[in-house]
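Next up: some structures, all given as structure tokens.
Okay, so subunit A shows up in both of these, paired with subunit B first and subunit C after.
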Partner chain A sequence: MSDAATAPVSVFAPWEDPQAKPLIQFQNVTKRWGDFTAIDDLSIDIYTKEFFALLGPSGCGKTTMMRMLAGFETPTEGKILIDGQDVAAIPPNKRAVNMMFQSYALFPHLSVAENIAFGLKRDKLPKDQIAARVEEMLTLVQLNKFANRKPHQISGGQRQRVALARSLAKAPKLLLLDEPLGALDKKLRQDTQFELMDIQEKTGTTFVIVTHDQEEAMTVASRIAVMDHGQIIQVDTPSKIYEEPKSVYVADFIGDVNLIKGKVSHYDDGHAAISWAEGQPELKGISPLSLTLGSEATLAVRPEKLSIYTSRPKDQTNVIKGKVLDIAYLGNMSTYVIETPTGEHIKAQIANTRRIQRRQITWEDKVWLSFTETAGVVLDR
Partner chain B sequence: MRRLSWFNAISLTLGFAFLYIPMLILITYSFNAGKLVTVWSGFSTKWYGELFRNEAFLDAAWVTLKVAVMSSTIATVLGTMAAYVMVRAGRFPGRTLFSGMIYAPLVMPEVITGLSLLLLFISIGLDRGVLTIVLAHTTFSMCFVSVVVSSRLVTFDQSLEEAALDLGCTGFEAFRLVTLPIIMPAVVSGWLLAFTLSLDDLVIASFTSGPSSTTLPIKIFSAVRLGVSPEINALSTIMIGLVTIGVIGASLTSKRSIAKRQKDEQGAIQ
Partner chain C sequence: MKRLALISVPYLWLLALFLVPFLIVLKISLSDTALSIPPYTPTLDLSEGWAGVKEWWAGLDMENFWWLTSDDLYWKAYLSSLKIAIISTILTLLVGYPIAYGMSRAPDEWRPTLMMLIILPFWTSFLIRVYSWKAILSNEGLLNQLLMNLGIIQEPLIILNTNVAVYIGIVYTYLPFMVLPIYSALERLDESLLEAAEDLGCSRFTAFWLVTFPLSKQGIIAGSFLVFIPAMGEFVIPALLGGSKTLMIGKVLWEEFFSNRDWPVASAVAVILLLLLIIPIVLFQRNEEKQREAEK
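What follows is the complex of A and B.
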């Protein structure tokens, strides 16, 4: 085993390398329409070969950011640099950026192959070169058999792949994907997510994806920017966003979470505890923030990090007593809703490794919940 | 098949009778052998022959056709441009005023349009002839084209144009390569509408035509004032025939393209 510091970096994480030059830089960008501020003094760096997700509820400004990258909108204030070059004066047709539209925007009067060739023809490439590139793209998205069909003659999933092939045909430095899988049903969406990652890896293109589907962002992205009201709340890898959210908003937006309110009773360099109810032992967790003793805080803990016991567990921190209020059977797992003596509801998720008939815990049972010191995160308010 | 109730049958008969008896009478009398329009004196096609020997009518028909083709083509270009700007330019000061002004000629009495054009042509010293009729027809049929095209553009997915720009088109290329081919059916029907409007216009043409450029409607109208002749009946019958063929042809083509589209879409599902 070699020392981790000297081992070659195999993990893709250019954002941690201070030497890395970002492909895209938003520098204090603001976009206003009249009184409405869509993007509010936003700065961010995105690196080459990243699969970067902009995640947020509708109206949070994520689509505006994407349209500014494509050149359909210009920032009211601030600068956007692509490859170190200010792109304000470059019109959409001169940018090495291509976009896959939410509606796919396939040209209905052109065949699949002609759609893919459209951008190449604008570049005045020789005919045989265009034909070869179209063929290559068709192979990439496995649509060779459908080259001569019109868009309305193929299925929704195939249309999505044509749109992807068309936007990749010009080998852009940056591909923008606007809710690319929104129109597909769940099963197809999951398959396509893996296909997208595969294609992103094969072509080495930088992808920026806009989505409101947190599962999709978690699956495909190398980093996620969680946005709200025109601002980026947190940028991190999917696992960090999930495990170490820096705010209640992020914790609550991604996945299922128990939010237990209380007051900071202990704080010591990344470790914190809150007192949350009269007569109950304090709950310990980690904290990425610097907290002041006695201030209001929220402990966020994921349901699957909780264990359920039928008797008081020994040698465990973070023990909460309660009774089973509800059980939701989801097949692979069950969600138990536990009511504490103070009337709070806490969710615990347990994998169903056994058949349901053998379940020990049922409604109205007295139970104890517990989680480790590093499972919960203590956050502001 | 459901049988019609007697009430529906009568309504239908009366409705069709009301619409088509006048035309049937006209067509019937166009084959009348006698000169008197109201007295039937045997079948003959001689008035059709007479018609094709009548230089004045043929000249008028030629002028009408020339005017219709030219004015509807110019009106289509201008009307499409106007529609595009109105739908795409977004909000700009005076937008409502502009769009109102484009559509005003739709409701303007033709007499007023004709008179104002006449005054304009006189004041700038333009001799009345084919050119003035073309200009006049372009003016009033442009707004019809604009209405037809803009109603299509409103439902046009703007991301198609953005996709074209994104793939390297200039604004004009995006219009020529993407927008125009897709809205083409609306542009063509706008052209057809302008063409027919120009063909049967009497009022505006009579204000703006000169002595050397009589259109067919003017010719027919002035001929009828001297008495209806079987020749006019024959001419009208030919026009009815042409219109019928046009309408049937248009509906057949659109029906066929709808059927083809449905078949294609079924193919896509499988």
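What follows is the complex of A and C.
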């Protein structure tokens, strides 16, 4: 999470370092239930101190991966290594891995402090040591005042923090978080995301989080694995996932995107162009893939990367003509839906830096859109 | 007004079917036995007005309760009933808990069937079911025949007409009352709590002991009361399966009423039995309430 521009030395990117030893290794892991394949020949390395997000729609296998790490499921094929050790034979209660459950799974008959102490007591630690650790955890999540309350006597957000404190109390090598913020309302969720990042940094624990909320994954994670049908589609940093998706699925899953279909008309070393409509100039973009000329391709470009002009812009590439079909005012920005002469709809987002009365563009106006050569990504199909 | 009417229904029910009968029994227990119909004096004669009420009141005394203390038959019967009720409640719990646990862990589609099997015995008369145990437990009964044919025993086991037969009868009869409340407590248990316990370092067994068991406490308490209370005053089971040595207060009560026709003493026995049952329950509930209040 360190900023590359201000501190280039301390960029946290162990996945780029060939010397770095991963904490977790999935080696060709497959998990099947009868005919159903939940995880399909999946391999991935996760490094110490990472905040790793497994992102995907429900049923994509992300929860199964997490449960295999916790020890509640075993792979049908392949190996899972933690710290270089095959964990297949290690039961959940013997793993240096703790999990924060989606339902929090707080013990209703125990107080907040007793919940946090639960795991420590199993390790048969001396009493004063347990008390000190519980106090430390309560301070970490700022719940000292509620130590003697029962779970049903505190709010949802507080319960979430108790669950976090309980799973961190044993100082696990790896903390698994299963949709940790799913039950919280939006405002609280945003605050808690930052709190989570803070705690992750403070404790130096490796976090693996499962979520279907792409915004949450983008906010907290050092790397995101986008999953679908038991496979990892792409693993990258949030900015790479957003700016340089390697497939239409990823581009479409994360955020808002315009997908313009066409044929590859030009390709050389990371740059590509597509011809997309009769009589329209080709559109240029970057491409992480190797494409063949003439094959079908899709240009993905984010709405906020587009500019709108009321007259044909000069000296601009990727100019598209159209008329305003719809305007959605979102407060901080407005989304314009532009219809091209060929009938395609393209979204453009413009920040509302001025007051709305001064808007120059309105419905049915003729406008020109443009974006830079590096704004769009040309992808397979 | 409407609300008052609605609230008053259960209270009227309790008044008519619990408090009034209790007061009648209490009154009889304070009377003296007599050769008349009804077999006790005094009876309230309102035709004589205020003087009649006065006379009636003067005729009531605690004599029968003193009588209960003078003969050791009664307190021995109370103690013996208490012992049998406690032991059979524990036995029912030991048998019922695993059944309830198994039911709550069974696949969803099996549960209605299992529930049906638990309730099914109620479709036959209680009396017939207890009576049929005689055929199973007697010296020439099914159990002894089976064991002897298998060569496990040479001499028949003497079970019928002993306390063991009474325990078997009570456990068999009251098992559903233990199973159902425990099952309903276990069924509500969130599976992820057990996973969380395991994740935090518990073995399966400690997870059960530290999570499942305490969370089914309410069901255990409810089930135990449902077995203990009727077992304490049980009459049919000891009468049919127990021997002459099986001393239970229900039997004493029956003898006083029907053999001796001593209604006042029988009523006194019943009043004491009621107090013995009510006092611990009230104390227990008050304790529970205090605990709940302390948590708030």
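Definition applied: the second predicted complex is superposed on the first by the 373 of 381 C-alpha atoms of A that agree within 3 Å, B and C clash if a C-alpha of one lies under 4 Å from a C-alpha of the other, contacts with A are read in each partner's own complex, and residues count from 1 in each chain.
The rule we apply is simple: contacts are C-beta pairs under 8 Å (C-beta built on N, C-alpha and C of every residue); 3 or more make two chains touch, one makes a residue touch a chain.
Here the structure is a predicted model, which is why all the values come from computation and not from measurement.
> Put subunit B and subunit C onto subunit A via the superposition and say whether they clash or fit.
Overlaying the two complexes on subunit A (C-alpha atoms) leaves subunit C and subunit B clashing.
> After the superposition on A, what does A:259 contact: first (subunit B), second (subunit C), both or neither?
After superposition on chain A, A:259 lies in contact with neither partner.
> Tell me which partner A:119 touches in the superposition: subunit B (first), subunit C (second), both or neither.
It touches subunit B and subunit C both.
> If we overlay the two complexes on their shared chain A, which of subunit B and subunit C does A:154 touch? Say first, second, both or neither.
A:154 sits against subunit B, while subunit C stays out of touch.
> Quick one: classify A:131 as touching subunit B (first), subunit C (second), both or neither.
A:131 sits against neither subunit B nor subunit C.
> Identify the partner contact of A:170: answer first if only subunit B is touched, second if only subunit C is, both if each is, neither if none is.
both
> By the touch definition above, which subunit A residues appear in both interfaces, subunit B in one complex and subunit C in the other?
70-72, 91-93, 97-99, 101-103, 105, 107-109, 118-119, 122-123, 150, 153, 166-167, 170
> What does subunit A use to touch subunit B in their complex?
Against subunit B, subunit A makes touches at 70-72, 91-94, 97-99, 101-103, 105, 107-109, 118-119, 122-123, 149-150, 152-155, 166-167, 170.
> Give every residue of subunit A touching subunit C within the complex, in rising order.
Touching subunit C from subunit A are residues 70-72, 91-93, 97-99, 101-103, 105, 107-109, 118-119, 122-123, 150, 153, 166-167, 170.
> Residue numbers of subunit C touching subunit A in their complex, please.
These residues of subunit C touch subunit A: 190, 192-193, 195-203, 206, 210-211, 214-215, 217, 295-296.
> For subunit B, which residues are in contact with subunit A within the complex?
Within the complex, subunit B contacts subunit A at residues 157, 159-160, 162-170, 173, 177-178, 181-182, 261, 264-265, 267-269.
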